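I have a structure I would like to understand better, so I am pasting it below and will then ask my questions one at a time.
Here the chain labels run A, B, C and D in written order, and each chain numbers its own residues starting at 1.
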């Protein structure tokens, strides 16, 4: 791979669907990064890669990953690491609950509970292990974990989700405390709302005076991910929350 | 089994070593419960059972369990449930780190990380699933989970421990919110200190005027577990912390 | 005052109305303490003192206090300290909002905001300052502060209440960290529910199998205050929450 | 005042010393805002105003304020409001402790405790009350409160500081929950470290590869304040922390 493609390093985005993952990938591509996007559905992923590469005139690679399977994670990251120095890791994957409705605890299947925990904690653990040695070696890098309100409070009927998301937050805090002194910024972003479809690259940088909207704009969230990445190391964020203005917090 | 033994129901204590687990078992035996104690080391466990049965003139059963293995948990609880109505579950098990010292994150083995999470979350999940239907049926019961400071804050070099303990806390909150309205009290106890050896059954109920001591008395902690169990349902605790008076909190 | 009355020391309960304060006072009287109860309405307070003294055969003193007025607090505690060693302080006072309904922030009056903060923070600060030297001198004593859910999370329309209750929680934490190593137990109790009228001294110690009730029993809460007081110093609680079993936590 | 000066509205920065307040003021001036800076020391404040006005070719007004005095706050804001629509309020004031060392609780003076609380809570309350009606009227505006680690945890020997900072955090949460649905973004920034002197306007946007430094760069922090202001309303932050990379979090 030509060294010119890695001038700004590689940004690896794990867990890329049509909403937040895609917007984050596009933002880092726009800012000049070579981007690796990873998810289970390689067909859809390849379409996103083509689209972003074309729109942002960037190098974007689609790599299949199953975050609940350690072999799959390690193999996928062999591919990612071959692209150059991985300067940014965004871990955005989680095990989609079968239903948006609560599940009675006594009906939760062992396999489902194990899988949810594996995606939220083991997958994140393994991805971080693959990229940290390179980051520590250069005393530079950013790891961003996506959380949600289930990261902070237990919710009746969502034990699978909450156990995994709590564990992910623990991982983020452990890593920030171990690796920030070594030059690697680790942060946890709590997204407390429903993310909609991108309003398009032309969305303004803020100051939107229209009526408030029920859905979170993934491009706007991606700008906050970017801001965390470019924070000066004298003032790094460990945790930030994001929610729509019209969200009723109780 | 004679019904007389189950007048006060069964208290199942999972994760019983020479300190806290043993003291909790003794306290519930002392208060008239039939007690099942569970751990991996059946030899030691049987000695504890004999000792408590003799001292407290109670029925105490030792049952082997490996909390990282779902088959073992389910089999162990078939034994527990055969003793009568399980009114109390105390989950006190965790995967002992190899060392008290921090481990560099990049040196943590996958197996070790998975095992720690399994004991702290999957084991607790399964134990709770076995006893909850009976508790809900009688609209009565108490489930107590043992946490520690690693349940609240990430610690550099202890990601295995923290991820598991955060997940356990999530489980406790999810269960309390789902099952308290159904009559089952679920609480999480954060033990923030080093537990010593029991000072003996004669330890006073408090008001100790001697110099403060560096170790936590497991019998004293067991009295707080008991207090949580006997709380009136109009005022149930979801979380409580315990630390020695001379602990320096930063 | 005869020394016999102070064998167990004095318990001072600040903020005594017909519900929680009265139940706590009765519990400490029942356990043999000389009790001082303090509030603004001396007439009502005197009736409570007579009632508790008669029922519990205890010494109970009613002393007027205005917790928003530093002179009043200092004078009231001159009276309290004259009764003997103040071993227990319970601070239960807060400035009752004009309404249970939220107040639009821009309508909150300066005086009202200042008064709410004064009762929740300055009053607690002053009461603690009066009793701590005696407690430190004997390396013994308990200070219990009553909080509520407004101590943990801001609530739209309740800035007066929340600012005061957050400040009180800060005070509790500062004091526990400074004074626990000196032998004084300081704890914060979060009461997350509506307290009803005492069900009477005959209420059982727990195990109530009747249907859940919407109101918290103040006598049951008082037993948890008592438990905190008698905790062994090797395992002291800094914070505990209490809520009715049927409370829906979101 | 010419309408041209208020095209982007007014940013009012309360509590401006040589470090953070000055950097925030410069950032908003740089971005085209008319800036009002407020503090007690009018002489120093006027020098800052001149300096920023010259460097950023902006309109900068110095206005004296004593945040512990309600009359002073109200008068100062009459001046601020006369400059045009106050679109941004940054509340950065706090009562400097007499010493960086802890003060024994029993030595804290009533006046000092009251003053610290007044600056952190009453001052913030009043400033917010002056600007919110205008913001709500236009369904637009940002209020940013500066917190610190003392906002989250009690610290032995710092009860004055902690009580005030906890109360300020409560205020921020109450306001965000009441006013975000009305179009006003309210956020709380926890600065957990020692802020140094600005490294100058030429400091890079991030990616600093030099050795980590012990002091936080106020210009870098100011960029995070700015980012919060320009967040899209579909993804607003309620709380964010900032600390230097080499900060040891326990």
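Things to note:
We adopt the following convention: a residue touches a chain if its C-beta (ideal position, glycine included) is under 8 Å from a C-beta of that chain, and two chains touch if they have at least 3 such contacts.
Going by UniProt, the chains are A, B, C, D = CDPK-related kinase 5-like.
None of these values were measured; they are calculated from a predicted model.
Of all chains, the one whose CA centroid is most distant from that of chain A is C. Rotating chain C by 180 degrees superposes its CA atoms on those of chain D, with the angle stated to the nearest 5.
For the pair chain A and chain B, the fraction of shared interface numbers is greater than half, so the two copies use mostly the same residues to meet. Averaged C-alpha coordinates put the centre of chain A at 35 Å from the centre of chain B. Mean C-alpha position of chain B lies 46 Å from that of chain D. Work out the mean CA point of chain A and of chain C, and you get 46 Å between them. Chain contacts: chain A has residues 176-177 touching two or more partner chains. Contact residues on chain A toward chain D in their complex (touch as defined above): 139-140, 176-177, 180-181, 183, 185, 191, 193, 196, 203-209, 212-213, 215-217, 220-221, 223-224, 227, 229-249. Residues 70, 102, 104-106, 108, 110, 113-114, 117, 121-122, 125-126, 128-129, 132-133, 150, 153-159, 162-179 of chain D are the ones touching chain C in the complex.
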